[in-house]
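Order of writing sets the labels: A, B, C, D and E. Residues in every chain begin at 1.
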Amino acid sequence: MWTYIIRRIFQAVPTLLVISFMIFSLLYITPGDPVDLILGTEDQQVSEEQRQLIMEEWGLDKPFFVRYLNFIKDALHGDLGTSYATNQPVFESVMIRMPATFKLAAFSMVLSLLISVPLGTLAALKHNSIWDSIATALATIGVSLPKFWFGLVLMIYLSLKWGLLPSTGSAELTVDGPVEFLKYIIMPGSSLALGMAATQTRMIRSSMLDVLGQDYVRYARSKGLKEKVVIWMHAFKNAMIPVITVVGSEIGGLLGGAVVTESIFSWPGVGRLAVNSISKRDYPMIQGITLLLCTSYLVINLIIDIVYAWVDPRIRLDKKS
Amino acid sequence: MTNEKCLEVKNLRTWFHTPEGIVKSVDGISFSIERGKTLALVGESGCGKTITSLSLIKLLPETAELHADSIILNGRDVTNLDKNEARKIRGAEISMIFQEPMTSLNPVYRIERQLGEVFRLHNPGISSAEVKQRSIEILKKVGVPNPEERLKVYPHQLSGGLRQRVMIAISLASNPRMVIADEPTTALDVTIQAQILDLLKQLQKDMNMSILLITHDFGVVSQIADRVAVMYAGRIVEEGKMEDVFTDPWHPYTKLLILSIPGIKVTRGNRLESIQGSVPNPLKFPEGCRFAPRCPYAKDICHKQQPPEIVSGDRRVSCFLRGDQHEG
Amino acid sequence: MAENNKNQNMIGEDSLPVTSYWKDVVRRFCKNKIAVIGLIALCIIIILCAGAPLFTSYDPVVDMDFMNMLAAPGSEGHPLGTDDLGRDIWCRLLYGGRSSLITGLSVSLLAAAIGVVIGLYSGYFGGVIESLLMRFTDIMLSFPFLIVAIAIMSVLGSSQRNIIIALAITSWPRFARLTRGQVLAVKNSEYVEAAKVGGFKNTRIIFRHVLPNCIGPLIIQGTLSVGGAILSAASLNYLGLGADAASPDWGMMLSQGRNYLQTASYLTTIPGLAISATVLAMNWIGDGMRDAFDPKMRK
Amino acid sequence: MKDEKNILKIEDLKVYFPIKKGVLQKTVGHVKAVDGVTLNIRRGETLGLVGESGCGKTTIGRAIVRLNTPTSGRILYDGQDILSLKGDDLRKIRRKLQIIFQDPYSSLNPRHTVQNMITEILTVQMGMTPAQAEDRMEELLDQVGLNKAYALRYPHEFSGGQRQRVAIAKAIALQPEFLVCDEAVSALDVSIQSQIINLLMDLKGEYGDMTYLFISHALNVVEHISDRVAVMYLGKIMEFADNEELFSHAAHPYTQALLSAIPILSGRKARERIILKGDVPGAAHIPSGCRFHTRCPYATEECMKKEPELKDIGNGHLVACLKV
Amino acid sequence: ATSEADKPASAGTESGSASGAETGKPASTNDNGEKVLRIGTYMPVTTLVPWKTTSDGDGYIIRQIYHTLLEMNKQSEFAPGLAKSWECSEDGKVWTFHLRDDIYWQTGNDLFGDEKVQVTAEDVKFSFEYYLDPAHESVRYTGLADTIDKIEVVDDFTIKFYTKDIDVLFEYKMYQNYIIPKKGIDENWDFAAFPVGSGAYKFVEHVVDTRVLLEKNEDFWLEPALDKIEFKIITDKSVSSIALQNQEIDITLALLPTDIPAVVSKDFLKIDNNGGSLRWIGFNCKDELFQDKELRRALTMAVDVDGAVKAVYANDAGIDLAIRGYSVVTPERPGYDGELCKAETPVYDPKAAQEKLESIGWKKGSDGIYEKDGQKLKFTLQVGNNDSNREKMAVIVSSQLKAIGVDCTAQTVEWGTHSSDVKDGNVQMYIMGGYSNLDGPLRLMHSNETVLSPNCGYADPELDSVLDEAWRTIDYDARCKLIAKASAMFASGTAHLADWYEYSQTGYNVRVKDFDYATVYQPLCSSQRNVTVE
């Protein structure tokens, strides 16, 4: 397995190079003037002399490829540059927000699984019954509701009308304890989880139906095992195998795609930083965010693949299938 | 009939309610198996063999509906058991070996777990060490070399023959008095098949089990069965001692079936005897004898009336022609 | 003798209706009640939107009534009320459907076209092509969607066309992955090998023999992504990256109405319902189509 | 350099599948699916190929129709080395070499009607007009004993036997000279199996010099249909002889064991049953010396060390056993 | 109710971010009897380095920590800050500031420890010289370098600035630049991570994107009335209003019009504003189409700006959130003269607008759109995505123009793109806002591109000279007159289709006291006010 992990890490290098090149060139052609940003925005006056100074200082006067190569060189030393906007090292700025993003992603993933697993299983076990229809209807509604809408509705009811939860902010699990932590994360978490739970429910339903028709499930029953054991031991693990891959690719979306939720709930994550940086043309920051997000995506996918192999012993990691 | 009956089935009917109509997969069959003996149920694909066995072990799909005058298993009427009671007889009284060892073992668990759970289920409170001990014992018994190591592997790491042995081990772990083997060797090589059949015979002797063997392979039947029941389109058309049925089939279907096996009666290079047409659609079985449309000897009456069951000694057949000794 | 044998071997009584493939597909589709309901619903939506001027006397852009802003649904002359600028919501819903449906459908079609071709070729040929294409797909998948969308729209400018391009560029990898998975399952099947042995050219095998057998999940993904695209466009709107701010669009209506959730919730519920109805109808149609295209469902 | 007698010559064919491992996908070993097979197939004969599952029968069949690429060796078809062909030449020769697969359920495209399948072959490959193709299709269906009304059906609407007929119709649509039947009847019921065997035999009469490579593990079927029979074990041919000779005077212990497994019903004298011990070693771990020695009831020290060659014991009866 | 009570009160140990946020329960005064003011701000903290920041959001915090020489009161007049008094020489080129002698650098940090160090004229001189060095990339470099000739320390508490020329905005510059400790620069102190100044409140912690916590500076010359100030960053404005209504925060900046009724209806909440901010719809006068002033005037006549402003800012509470304006100088600033400008602005009259269009050669085409020389009257009105009110204005303007046959598309673009497009003249029509400070009018109207921002190609040499003169006139009234004159000239040039002043509302809890001029951009504890909570 270690050789497999090492191989995957090797494979990630060219991927990250391509990503960095793509984002670098994308940003290069995106309109917007970084000098203005370094010197402050609309309310400030800039002289030509100072502009020149800044361009040189930040290497903005160099040709595209030189800039890119410099970026790569620095990145290899773990230096992703300095933010135009805040003058802070990009790496630190992103890493300081990563935990919040991860927390939210992990929580909403867990939450969506908590919803979709029982619902999907129920729909499969009682398929063609009223339960099935309810699960399907819920799933459809879930996919067709925009996250920001759901987030705001939650907030209006849970926090403004009923006063159950604080509207914004975040709490530290270790410092403030689980109750506080849940209070803050539950709304952003569920607004993210809803859409995912919807698709997962459908996946789990069909996967479970598929597995329930398999010979080994019938065989497990023929041993005289209790129905609970048959479903949760024999069918469930197998049904989750295809779900794992889907979950993996969804986490990628969660990391970079929670922007809207993060803005609504003032969640101190990477997504908000990304949006702010984009609107400010904070190129080093955008590059850094993209690279680090892609890296985490690759890492998560690696983990997912390992989990996959762990759940499904037929997949051997060190052998290409 | 001195021997005690292990299983006695009377007029078993298993029907499916489908949107297109009622599928009468099993439509009034009766048979019995004596303790320690083997009954082979043969017939073409789709004639209802698997449904029969699932009816006995109470694992029918939800759309199925089961009726029977009686099903007596080990002296107990098990016709109308509720789900929980049905579960309790599975494994303990009756267990099953499936056709496909490839797909019948759960791919994500080690053999140890799949075998162990049977011991735990039937011996509550048993210690882990004992489970392991017994697992090794039973694997040895079914001829799995290096049982300790094999416990640690996943099904896909075993060859087909070993997998089938493991499945037999699992099915026998609960010490059932009756085993249904649904095409246990179809997926295997001839040489391995021979080993498995030998093993079954051996185990049957050791444990005094009854076996309901389901197959379409007469070769298999000839090696292991005491009695044979030939099924066609949800009915048993002929039943009798294995040697009798083979040497002198009474029903035209049985006869043609045996003749269509290459190398049995027809010599090399010549055309084989074959049954024309294919199995009738279970949604609309022909009136009268179900084999009549394909039967080269069919007479008018065959198309109109259901044939009576003619019993003679310990043999029975359902055919009009039996009365007037057809010979072709 | 041979003559005799043949007749002896001849099988076949006629029991199935003999129809052309497409008639059959249509017939199978029509048998699926839910799918037909979905189709009828979608047709109604399309007719209402396409023929919008027939069903409303207002203009969705120009007709603002500052005296009658935020009129509740059911008020006189405005069956669904008016929005924050006094525009008729029914009218904007109809016209807005045009752009939303166009966005949704074109994004799915475009993304499907790119993704399916890439998935087919990489899955079928394997080897270096596969690794390269799939690496590229991975890259696209791992790219934060929003950053790409914003960058594309900043370069090209915001317009409906560019939203479509941005969304298509970010959503084809899903199709590619799905297709590839399907192709891998299908390409080693014996009928594809038989086609190879039959001497057919690869392109023919890919499109005639492989693709039709991968189509089921693709249809589902395709119909799902129509709704997804409408919603993504709404999210872009929320972040202020929409097209023409004055012209109606469901996503735009939804995000522009978000400040009125407490005071005039119908501003968001109405377009929200429209999106849900469309997504639901598309999903039903998708399920029906998958079954209709599958000859196994033929009775 | 056309060989009048032999239509197909397989010379020292080896097909190895690499087992890859490690960071760089290094090849750490090989599955030696076919490990040096030499066979001459005569024009117009039916050659039976038997052996246990996994011994490489299918791999040979697939190599002939170029569905996998041999590691070494040559396959000469009418004197032409077909392994070196590419592109159009390959496509041309492929028409003469067709294969029928074991599984009637997966060898037909579920999305095409019978008509689609057959006319596609006829128009695209044989250059017929649609009208001609339709006529020819009816003819073909007739030949395999299918009612032409079935042309508009989809594969799943047929029974197994009927599907296999369609597969055969597809294969003979190209008017091949050589047909590989890879377990073409194994998945079928006995009664259907006999129909297909009859059909294959009839077709042979009709198409004159069609040559069959008949792969099966069912010895009774092979015995029924073949002119000559080759017995394989773990990628190598163990015994090769005329049908009669082989079935009456099997010389190799493995063949003997196989033959003893044929059901004895009636009309044939009972053979002594030989139950082989153990499992088939995987093709990745071929035993040294005689590859059968691990299961052979007569194996000796010598068998473990020395690999036997195929040798003629008279009448073209070839056996690879040190004890013969 | 949870942990708040048993948490240690001392600032150093309280590190969680949940403080004071229990729902439904006012926590302005926490259970330890501490007075905590919680301010919700929608602007993220970009940097807390005084010479780097340009964002108001940072300013809210920095102004509490650092001193500037001068402050500003509600009437836009300069008020004492670090300097208790100041005067200018006759020729307007020498400014003398007398500093307070009771100001100390904040203690309790690793820079100063517990040592009370006075803030002296040397510190002031050092700060400005630091900013004047281009190497330090101060964002105010250009403004300062253009003005300051030299700085002279007279004694510990008196300092003199010599300017290169008359600079009527000199005081404004003294209001903008923060005084930093020399010791910090010498010792390489990380001002970004831990600001140390001499203001009334001391920095405690900054949790990225979540909050900034300040505490009372006991050494301040005046006892600060709050124990703690917590800035909570709530990005979404409507969420911020929910938090205010929930009493999770005491003050929210920039309420949306849609949220005003709900806020006003709560008796524990109040709203107030801090003067108007300019918004305008501009033409890019360099654009081929809009070089024609008559066309600009015609289009101006086609739009009902009054109605649009009313509609966009309508609210059930009946509060004036914005008013139509005619001058680019906001009413609170010197030189405002609405009437003068109004006279120069075309009146709303769509008919006349059409006639005017026709008189300058535009004809309606078959599709009802005007065209001239085969060219359609078609353009885009671009607006940034940062403000939904501006978007609505754009929508209204574009549809009213459409109504008379002008194909105007309202286009929202991402804010970064928009601002740089406007600056580069890469738009046709646009909406912008801001520039409501003292130097705003000059920058908006003057055609000198290097100094001035988005006037989008409008150039009038005569106007330029009036402006130049105004900015060299020391006499306040005379200067006001000149500015008014300039604004009227600008209005007659119709570089803007419409102007309006937005009064963005601050919502706050009635328990916040002494919160006079409703802004946190000024120190909360100063000679002017000492904000507290009950």
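The working rule: contacts are C-beta pairs under 8 Å (C-beta built on N, C-alpha and C of every residue); 3 or more make two chains touch, one makes a residue touch a chain.
Just so we're clear, the structure is a prediction, and the values are computed from it rather than from any experiment.
**Q** From chain B, what is the lowest number of touch steps before chain E is reached?
**A** 2
**Q** Applying the contact rule given earlier, which two chains have the most C-beta pairs between them?
**A** Chain pair with the maximum contact count: A-E.
**Q** Determine, using the mean of C-alpha atoms as each chain's centre, which chain is farthest from chain B.
**A** That would be chain E.
**Q** Find the geometric centre of each of chain B and chain D from their Cα atoms only, then give the gap between the two centres in Å, rounded to an integer.
**A** Those two chain centres are 31 Å apart.
**Q** As a quick test, compute the distance in whole Å between the mean CA positions of chain D and chain E.
**A** A distance of 86 Å separates the two centres.
**Q** Just how far, in Å, is the C-alpha centre of chain E from the one of chain A?
**A** For chain A versus chain E, the centre distance works out to 36 Å.
**Q** For chain A and chain C, let me know how many angstrom lie between their CA-based centres, rounded off.
**A** Taking the average C-alpha coordinate of chain A and of chain C, the gap between them is 24 Å.
**Q** For chain D, which residues are shared contacts with two or more other chains?
**A** 161-162, 195, 198
**Q** What are the residues of chain A that contact at least two other chains?
**A** 30-32, 152, 156, 160, 278, in rising order.
**Q** Two or more other chains in contact with one residue: find those residues in chain B.
**A** Correct list: 271, 278.
**Q** What residues of chain A sit close enough to touch chain B in their complex?
**A** 214-216, 218-227, 229, 233-234, 237-238, 241, 311-314
**Q** Flag every residue of chain A that touches chain E in the complex, lowest number first.
**A** Answer in residue numbers: 30-33, 36, 38-50, 53-54, 57, 85-88, 93, 96-97, 100, 152, 155-156, 159-160, 163-172, 175-177, 179-180, 184, 262-269, 272-273, 276, 278-281.
**Q** Using the touch definition from the top, list the residues of chain B that touch chain A in their complex.
**A** Residue positions touching the partner: 57, 59, 83, 87-92, 95-96, 98, 100, 103-109, 117-118, 121-122, 154, 156, 167, 170-171, 174.
**Q** Applying the document's contact rule, which stretches of chain C touch chain E when the two form their complex?
**A** Going through chain C, the ones touching chain E are 61-62, 64, 66, 69, 84-86, 150, 153-154, 157-159, 239-247, 256, 258-263.
**Q** Within the complex, which stretch of chain A touches chain C?
**A** The touching residues are 11, 14-15, 18-19, 22-23, 26-27, 29-32, 140-141, 143-149, 152-153, 156, 160, 199, 249, 252-253, 255-257, 259-260, 271, 274-275, 278, 286, 289-290, 293-294, 297-298, 301.
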